[in-house]
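In what follows, a single structure is set out as structure tokens and then discussed.
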């Protein structure tokens, strides 16, 4: 397993380089223009000058290599400098966003806290709710609990967050006034009151996202449990006199985890991608909002960097999932 | 069922295909039956409805705007006075068609790639890296590129509406197969080492038959879940595409779009959000129950129990 | 009795005194929400409305426009004119006098050097200054003394108020930006995010595309202002959410640009927490008519002057399209109080407003039908009019926006009543308004028959705006599809008017010329104006001093805002 992991990690480097190239070509090819959002009162000649100042006049391979150098060399060096107070990266150009003319890395770092608080927490919560619901719904298939779970999760998944979010705002922020409708990203938790405020402003976005995530994961958990509950080994285990708890929670659960692990591993990187719509609705302004505004503004360095970090996480977590398969089911071998 | 039937009669019966068994099992599944009925009702309403309720979905009656449900407009009217019932029916036709086709396409692609990657070790690496690539591609620019490249060609070849339909279905299909592929592959990796597969392989079953007879039936349940979630996903994604101007013309109603447009009016006219929201939820729920029933019916261990 | 009256009088007097002479920073915090978040604090590097309005809290120009469109001095003593000798008789130079004793927020004095530097900054090679048009034809900026600035132009400038006037061209500090010229501009992140200014507020924290925190400027020239000690300037979300936060939940005090359906806004206002304000500027929602043939078979020559449009070259058709539209209803549905029907592409200021075209204010379906009949377009079997084998069938494109899609649907219906078939298409705004020559869906390429969007001009002078419809402004392959003349209108008479306006200084004559150009475009029906769109914003009931200004930044008088207690 160790050599497998090592080999896969090494193989990830060319894979990621290739992915970054494809993303770059795609973004370059996509229609759009960094000056699209400027008022129409700005004349075309001036827009052409702006484009030139952004480096759009250079040929594409130069721009790609430049980005690669900035991302792979300048940014890590700068991060190193910032942590240890050294000066290796001084004078090196970092990846600069076209919209803000400031280093992309700094903005991403600025967006991390609210993204992790809201999107990350809702994913964890969603998973924690989904697993027991999935197990119980499968174990008591077609009971009222299962029917209710099915109903809630299907409605939760099929009604989009742009609706549920606004609905929650209208009910709880406008009519009841319990929670703020706008997330304060500058809020610092320092004492009990500020913690309560943080919780209040997180309740609605986390609830919306957690419902959505839980709906999906619980369905896969339930289906996979159902598959395994009918297997021969379950009957054997029961016949051997094992307690029902051990049978279900140890044997069946472990064998049912493979699809669930896959889904969760696919979901974790999306935390980093942020939740575009939910962030928009609640004005959380995390990474999702950063990505979507950058896409609309055709801020290619920003989009490229964000998507590439996302790609790294995808490759990494899919690798983790593969390793976990081997642990969950030792018969799976990759060599 | 069968075990209560006298053995004698069984001998006289003509040979039955297993699909009859499947149907028998399916029809005893209460959820599946209700699901099928609801789903067929929706489909019929959407297909036959426009012949009975003949108001044009795009007809604007400006004096009758923002009306609550009434006899003349059973579901009310929208901000331009267009009849909501007519729009719901017209929208449903598109949404269901797009939802189903896109879901089938993504399922097909996902299952194919998942099974190939899981079963053939040599294909695993390249196919899974391809999956990683697709997972990483930013969706919006990808769609913009597809539209830029293909919209005019497809419209020219198939006419504007069919052209856009193909474009949307393909766009949704090829951007949503990855999860199914990863899940199916994970399951196949585990299945491949199970005793019955080893047994089948030891008697020299060729790969094609191994996959169709032994592997596919056993990955059916996650695929079913993907299918139900996929329909909901496709209906909503379609509305996002149309909203971005990548889909159908703006006066062409679809459920997702009706829902989106109604959110601004949530406080004044809540019923306008309710109709498309209910329609999408009911469609997805009914498909889910049909999927449950089908899965049970196809499982020989449950069938005949 | 007398004593009591005197006491009351004194009390009333002191109340008035406190209202007039409030203490700086005594009113706590004001919360502003813009649903588009600012990305940078200098208008020179961005040009987006959101950015320059945010910057206007910090940076100030020599003069601004007030809510009536008149120029008021800000950093300058007075507005120079030919009459007061500030503008030279040959219109080749303008002399500004700075107010004495002005200080930057860091306490250093503002001098004419800073003004000169601002010009150098924006015109530096490789900087991509978004406002460089404001400095067109400036050949030199001279600083005879610390408080005097002389701007010299290379040509006679009848309207010399481009440089250093309005929210687009404020003064930046030389000491802070000296190292940021040209290609180095983006490297000065700290300066770009927290410029030192002369305005009422100072940036304390800037989070790009998210939130800005500001505090009162200690060195602001009026010691009693601003009344607010802090400003929180939040960005993001959408217009509905911003409106809700001000009008319904009361979390914010001011929301910008609430383009929402009138009934949605009215419903929000009914919650009683705030009020909607609107004011009109020069923004006109219009339909552009394509005079060239956009059909794909023409290959590289599609949408160029080589191929006139097969049906829209007929003026009767264009006129009929305009006559069939009920502009009052469009206003009612899309904009309510924030819109009014218009028949001019140049709707304001008052002196430029033509009344020659007002017949279009009344919808005339029958007249339109008659016109088409007379022009030889006869209804075919399906109701669509035909002439010489050409069907009156149009592709109508616009950017994605709820109101525009409603307008498209309505107009399609009216056109169908006069026998015109319409196919609708909406395009994502970032593609539609992007100048990407590689995309077929930009508004410049205009590969459709008619298209709808809104446009306006900065400030009050329409010269550059009216020049948009010169022949040479037509987007075409040779110009990489850049240019503002979307209809590809080309008339020698029009070009001559443009040239004449460029050398006319007298304001009355300029107004006549501008009106003549407007009428020419209107009577040729190459542009179909629909709605004169006002700007709609909202402020809470406790925020006083808001004067909505469409000629400059909306936050132009934030120094005068106060809390109503």
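Letters A, B and C name the chains as they come in the text, with residue numbers starting at 1 for each one.
Following the convention adopted for this analysis, a residue touches a chain if its C-beta (ideal position, glycine included) is under 8 Å from a C-beta of that chain, and two chains touch if they have at least 3 such contacts.
Values in this document were obtained by computation on a predicted structure and should not be read as measured data.
Q: Considering A-C alongside B-C, which chain pair is linked by more C-beta pairs in contact?
A: Taking the two pairs in turn, the one with more contacts turns out to be A-C.
Q: Can you name the chain that lies farthest from chain B, using the mean of each chain's Cα atoms as its centre?
A: C
Q: If you average the CA atoms of chain A and of chain B, how many Å lie between those two points?
A: Measuring from centre to centre gives 24 Å for this pair.
Q: Report the inter-centroid distance (CA atoms only) between chain B and chain C in whole Å.
A: Computed from C-alpha means, the inter-chain centre distance equals 46 Å.
Q: Can you give the whole-Å distance between the Cα centres of chain A and chain C?
A: Comparing mean C-alpha positions, chain C is 38 Å from chain A.
Q: Of all the residues in chain B, which ones touch at least 2 other chains?
A: 144, 148, 267
Q: Which chain C residues touch at least two other chains?
A: 240, 431, 438-439, 441
Q: Mark out which residues of chain A touch at least two other chains, giving numbers and ranges.
A: Within chain A, the residues that touch at least two other chains are 29, 31-32, 166, 174, 295.
Q: Enumerate the contact residues on chain A facing chain C in the complex.
A: 29, 31-33, 35-54, 96-97, 99-103, 106-107, 110-111, 166, 169, 173-174, 177, 180-182, 184-186, 280-281, 283, 285, 289-290, 293, 295-298
Q: Which chain B residues qualify as touching chain A in the complex?
A: It comes out as residues 31, 125, 128-129, 131-133, 135-138, 140-142, 144-145, 148, 178-179, 182-183, 186-187, 189-190, 193-194, 218, 221-222, 224-225, 228-229, 232, 235-236, 239, 256, 259-260, 263, 266-267, 273, 277, 280-281, 283-285, 288-289, 295, 299, 301-302.
Q: For the complex, which residues does chain C have touching chain A?
A: 33, 37, 39-40, 45-49, 126-133, 183, 185-186, 189, 192-193, 205, 207-211, 213, 232, 234-238, 240-241, 244-245, 248-249, 251-252, 271, 429-431, 433-436, 438-439, 441-442, 453, 455-458, 464-465, 479, 482-484
Q: What does chain A use to touch chain B in their complex?
A: 11, 15, 18-19, 22-23, 26-27, 29-32, 142, 147, 150-151, 154-155, 157-160, 162-163, 166-167, 170, 174, 216, 219-220, 223-224, 226-227, 230, 255, 258-259, 261-263, 265-266, 269, 291-292, 295, 303, 307-308, 310-311, 314-315, 318, 321, 325, 329, 331-333
Q: For the complex, give me every residue of chain B touching chain C.
A: Those in contact with chain C are residues 58-60, 62, 65-66, 79-80, 82, 144, 148, 152, 156, 160, 243-246, 249-251, 261, 264-265, 267-268.
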